[in-house]
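The same subunit A turns up in both complexes below, where it pairs with subunit B and then with subunit C.
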Partner chain A sequence: MTKYILKRLAMMVLVVLGISFIVFTIMSLTPGNAAQMILGQSASPEQVAKLEAELGLDQPFFARFFGFWKGVLQGDFGKSYQTKLPVFDEILARFPTTLKLSTFAMLIATLIGVPVGVISAVRQYSIVDGVSMVIAMLFASVPSFVMGLLLQLEFALNLRWLPATGVASWQSYILPAFTLSASTMATLTRMTRSTMLEAIRQDYIRTARAKGATESSVVLRHALRNALLPIVTVIGVDFGYLLGGTVIIESVFSLPGLGTLMITSIRMKDTPVVMAAVMFVTIAYSLVNLAVDIIYAFIDPRVKSQYAKG
Partner chain B sequence: MKKILALAMAAVMALSLVACGGGDSSAASDGPRTSLVYGMSGEPSTLDPMNVANMNTFTVTYALYDTLTVPDGNGGYEPFLCDDIQVSEDGLTYTITMNKEVKFQDGSLLTPEDVVYSIERTIAAGWAADMTKCIESVEATDEHTVVLHLNTPFGGMLGSLASPFFSIMSKAYCEAHTDDEIARAPMGTGAYKLVEWASGDHITLEANEDYFAGAPQIKTITLRPYTDKNTGLIALEAGEIDVFLNVNPSDIPTVEANPDLTLYSCDAASVLSLNMNVEDEILSNELVRKAIFAAINKDDIIVGALEGMGTPANSPIPTVCAGYSADTPGSVYDPEQAKAYLKEAGYENGLSLTLCLKEDNTNQKVAQIIKSQLAEVGIDVTIEPMESGAYNNAVYSNGDYQMTIGSWSAMFLDAYSIMYSQFHKDCYGSTGNITHVTTDELSNLLDTAAQASDDQKVAAYDAVCANILEHAYHLPLVYQQTTITTCADLKGVEANPMGVYMLRDFYFE
Partner chain C sequence: MSERLLEIKDLVVEYHTDEADVHALNGVSLSLDKGETLGLVGETGAGKTTTALSIMQLLPKRIGEIKSGEILFEGEDLRKKTEAQMRVIRGESISMIFQDPMTSLNPVIRVGDQILEALRLHRPDMSKEEQQKKVDEMLEMVGIPAARKREYPHQFSGGMKQRVVIAIALALEPKLLIADEPTTALDVTIQAQVLQMMNDLKTKLDTSMLLITHDLGVVSQTCDKVAVMYAGEVVEYGRAEDIFLGKRHHPYTDGLFGSLPELNSHAKRLSPINGLMPDPMALPEGCKFHPRCPHCTERCRHEIPVIHRDGEHMIRCHLMDEEVR
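And now, the complex of A and B:
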């Protein structure tokens, strides 16, 4: 098991390296110039050249890329071109908002999606099943910014129950987290329903019923436990989607997270900030996926025995 | 069983525990309101007034720093940090008598040395080169006097002194701190002090109780960035912010119908225009440019793209800038004439042009209307939207484009601020003259206009505009409005053409 985890962590380093190279290349290849963006349209070519030299933008591509990594290995992500603040501090200030938002969204999606999926499967073709499948379809297809605006209009403007924007209190997270969770919730519900339906038709369920197990025991202990593996996979994969999805949600709800930071930094060609932000998200995503893979072992003894081998 | 489910979520939960700090809720206090939340369209990258070119930031720096002059409300300027400014007859010497009572926020007195230091810092920073290049030298002649020597008369000098670039800073403070520190921890004479800057979330200002012009009534101002205009409007309607600038034109009727909100508007210090690259093979032909001028109907653009908000522009000068005249003749819509010009130019079978623009909903709609209007006279237009970095490269740095539309703004309310850099040969290319017109005739007219005194200014700029229209260099399209929407009980608000506001003038009833 430890060996497996170490192997995964080593792979994570490669993934981060690869992603940093891709992002750095994209930032270098897209037209536009950080110095020009900072100085504005009316800056003279001399001013731009001077600032480029100050920022090290006059160096060749690989010199800049390796320079960046040299800094990172020494624990220094560099300074933002725009604000001149250390990038690491900026990211640390923003990351908690994003992490809270996506974790909260994941919790909502799981706590609603999985039970609803189970009920829909057990009561297949009932009203509950029909209604929840229609809602799931709706949640999966409405774009998040539309849903965000609609929720803001209803719950913040009409009913005045919840704040529409900002992060002044924990209530501020409810609307954005719900909006963010909607599509994952829908995926989870449908996924749970179909894997549960499959599990319920298995022979061992009939056996369990035959030996007189209670219905709740049959559903939760025998069916759900077997159906859980794909569900956990979806949770892990979707967590990455949620981390990325915050980019839109943060902008709609005006939250000071990594997403808004990334958007402004990409627009301003602020490469150090974009690099660090993307690397943070990559690492968070990889760690969650690693955690999910470890959880497999606890759910499924077959997987655990495989870890032991390899 | 439950244990398993719980385990499945363990990783997720653990992460949330690490991340969850206590949410601090700030409750509104009772009694008369003394705190204001101001919604900005974006976060400032720095609060150093001499190192920014972002209008957003200027509202904040004006709260922290003061200037030597301020607009007097009648198109002129009056002394502010000083008691008096005397201009010599030849217009080359400005003698500034300082106010002896002004203190910086750290308690030190404002001295002429600080003024000299600040102006020299502005010149060195280079951001306001078009305002500072006429300054020969600046010196403190005695304890209360600063003398500004110009190398050429400059009609916009008093206006320049009111611009944020000429904010007065403390010499001692600036010398004791690095530029990066000054950018994050500003210290001036202003009506407000910076208390907190939480990156990406808010900037908090607190009233300076010792302010020389009297402490402001609003004691705490929180400035929050709202990059999405729909979100800004919702926050405004929900009472989460008290002020928001430039709501979408389509939302203006909603705002006006809301009794809790007040909308103020005025002409913006900018002109939405169509620029042409006169060095382009096709557009170097004056007849083609004249044909384009005659083919465009400005009223259609206002109705079709701008929700009826705006007036047809007759001059490249914004209406609110000194030097503007309503009598300046503009282009005349005449499609038949346009076809005649094209025929004369040898393009009776039509031609193709590219119109590039910074991606933006409004610009895009304007471009589509121009495309259809030009199609009617036989010009086929390809619209090419670009991300701002790419746009700056193509239009400013490389100058490799045919036509572009955009809103060009004045940095202070004088025609000089928008005209010189756009059309003078010295500003060719990336410094503003994207039309690439380099005739001595136009440059000389601009030089004359720059030196013109107030009573000659209109006539001087009329000559400039006539030259631009005659050669069809640049087509001003629409004067747009700028708006500020506030909660109804906020007073002391007056729409500002540049969208820059004096927070010290705001108060609650």
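And now, the complex of A and C:
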């Protein structure tokens, strides 16, 4: 198991290296010039050249790429072209918002989606099942910005229960987190329902019933644990995705998250910020996925013995 | 004679599917005395498993329905029991071994805990230590070292898994053990071992057994009584001697014996029963076996045969009419 985790961590280093190279290449190849962006259209070519030299943009591609990595290995991600502030501080300042938002959203999605899915499966074709499947369909198909705006309109403007924008208090997170959770919740509900329906049909469920097990024990102890793998996968993938920041929700609710930072930096050709943010997200995503794979082993002993083989 | 444990009277079961109603059981009557083994024989689709699931009241919900009939267990009709009452009976008084050991154990729960579950449910008064001791005892009894109780089903071979399933079924020393083709999924050498073991345990724990199989060899080794099922009916029922040594049989029983290979004959081909089991959605009129019966008469096509009794030996066939007379 430890060996497996170490192997995965080693692979993560390669993934980060690869991604950093790809993103750096894209940033260099796309048209536009950071110095020009900072100085504006009216700046003279001399001024632009001078700033380029200052930022090191006049050096060849590989020199810049290795220069970037040399800094990273020394714990220095460089300074933003725009703000001149250390990139790392900026990301650390923004990440908590994104982390809180995505954790909150995942909690809502899991705590509602999984139980509703289980109930839908156990009471297949009942009214509860029908209604929750229709709502799930709705949540999965309404674009998040539409849902965000509708929720703002109702709960912030009409009812005045919750703040519409900003991160002033924890209540500010409720609307964006709910908006963000909607599609995951829908996926989880449907996924839980279908894997539970499959699990309930298995022979070992009949064995459990033949033992005289109660319905709740049959559903929760015997069926749900077997149905859990795909559910955990969805939670993991979506959580990793949300950690990368969500541009649309952040702009609808004016939240200072990673998503907006990344978009503005890309637009401004602010390579150090983009690089650091992408690497941060990559690592977060990989760690979440590793965590998911470790959780697999605790859910299913067969997976654990696979890991032991290496 | 000994006491009656189980009596099924005129059991009719239907499965409701989107296309049609499937007539799975059409008036099955059976009985089993304490300490006996009853073999339930017949082709795939004859309604053997349906009979077993009806006794357990575990027919698939919304799809399977008991239309009529009685299932008397120790004189009480199981159909009249509530779900809560049935839960007490399941495992405690009646337990069941399912066909495929590969899938009948929960893959994510330790085998010891799966045996323990039965004890927890039905023996709450036992202390934790006693329960664990019983789990060890059960595993040893089916020939598995108790130390392996902390392992998971995927670490066991097929035969070992079936032993675990048997240990679960016998942990509470039920009065009736229903074994649904317990050896079909196992290879021949393991089959003999498992059967031997089940027979020994049955005698040791004084359990009655309903053994579902399509292996007549197994029946001859283990059963006191035999019921031959065809298309949801019991066509012949009697003591094992009647079925294996008796002179008069239902043509279907003759057919089953005729399709067995014999070591001491030089025949190159087996003589199977021609044709297939009728579609349970559209059963033939009259005797349900008539389309495949070599002795079919005009009467068989229209008239449902009555049961002919000779002591405990029962045959449902028109041919017996003349012979009895």
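The definition used in the following text is that the second predicted complex is superposed on the first by the 308 of 310 C-alpha atoms of A that agree within 3 Å, B and C clash if a C-alpha of one lies under 4 Å from a C-alpha of the other, contacts with A are read in each partner's own complex, and residues count from 1 in each chain.
Just so it is clear, contacts are C-beta pairs under 8 Å (C-beta built on N, C-alpha and C of every residue); 3 or more make two chains touch, one makes a residue touch a chain.
The structure displayed is predicted, hence computed values, not measured ones.
Peer 1: Label the relationship between subunit B and subunit C on subunit A in the superposed model as either fit or clash.
Peer 2: Here subunit B and subunit C can both sit on subunit A without a clash.
Peer 1: Touch check for A:I299: first (subunit B), second (subunit C), both, or neither?
Peer 2: both
Peer 1: With both complexes overlaid on chain A, does A:G32 touch subunit B (first), subunit C (second), both or neither?
Peer 2: Only subunit B; A:G32 stays clear of subunit C.
Peer 1: May I ask you to decide whether A:L157 touches subunit B, subunit C, both, or neither, giving the answer as first, second, both or neither?
Peer 2: After superposition on chain A, A:L157 lies in contact with subunit B alone.
Peer 1: Can A:L14 be said to touch subunit B (first), subunit C (second), both, or neither?
Peer 2: neither
Peer 1: In the three-chain superposition, say which chain, subunit B or subunit C, touches more residues of subunit A.
Peer 2: Counting residues of subunit A touched by each partner, the higher count goes to B.
Peer 1: So, A:R209: does it touch subunit B (first), subunit C (second), both, or neither?
Peer 2: In the superposition, A:R209 touches subunit C alone.
Peer 1: Of the two partner chains, subunit B (first) and subunit C (second), which one does A:R225 touch, if any: first, second, both, or neither?
Peer 2: So A:R225 meets both subunit B and subunit C here.
Peer 1: For A:L73 in the superposed arrangement: first (subunit B), second (subunit C), both or neither?
Peer 2: neither
Peer 1: Now for A:I127: first (subunit B), second (subunit C), both, or neither, which partner does it touch?
Peer 2: Once the two structures are laid over each other on A, A:I127 reaches no partner at all.
Peer 1: Using only C-alpha atoms, work out how near subunit B sits to subunit C after the chain A superposition, in angstrom.
Peer 2: Minimum C-alpha separation, subunit B to subunit C, in the superposed model is 11 Å.
Peer 1: Identify the residues of subunit A that lie in both the subunit B contact region and the subunit C contact region.
Peer 2: Residues 221, 225, 299, which sit in both footprints.
Peer 1: In the complex, go through subunit B and note every residue touching subunit A.
Peer 2: 1, 4-5, 7-13, 15-16, 18-21, 23-26, 42-43, 45-46, 53-54, 126-127, 129-130, 180, 183-184, 198-201, 224-228, 230-232, 234-235, 237-238, 240, 387-390, 392-394, 396-397, 421, 430-432
Peer 1: In their complex, what parts of subunit A are in touch with subunit B?
Peer 2: Residues of subunit A touching subunit B: 30-33, 36-45, 47-48, 82-85, 90, 93-94, 96, 99-100, 103-104, 106-107, 110, 114, 149, 152-153, 156-157, 160, 163-170, 172, 220-221, 224-225, 228, 232, 235, 239, 251-254, 256-257, 260-261, 263-264, 267-269, 288, 291-292, 294-295, 298-299.
Peer 1: Show which residues of subunit A lie in contact with subunit C when the two form their complex.
Peer 2: So the residues of subunit A in touch with subunit C come to 202-204, 206-214, 221-222, 225-226, 299-302, 305.
Peer 1: Under the touch definition given earlier, write down the residues of subunit C that touch subunit A in their complex.
Peer 2: Interface residues on the subunit C side: 56, 58, 87-92, 95-96, 98, 100, 103-109, 117-118, 121-122, 152, 154-155, 165, 168-169.
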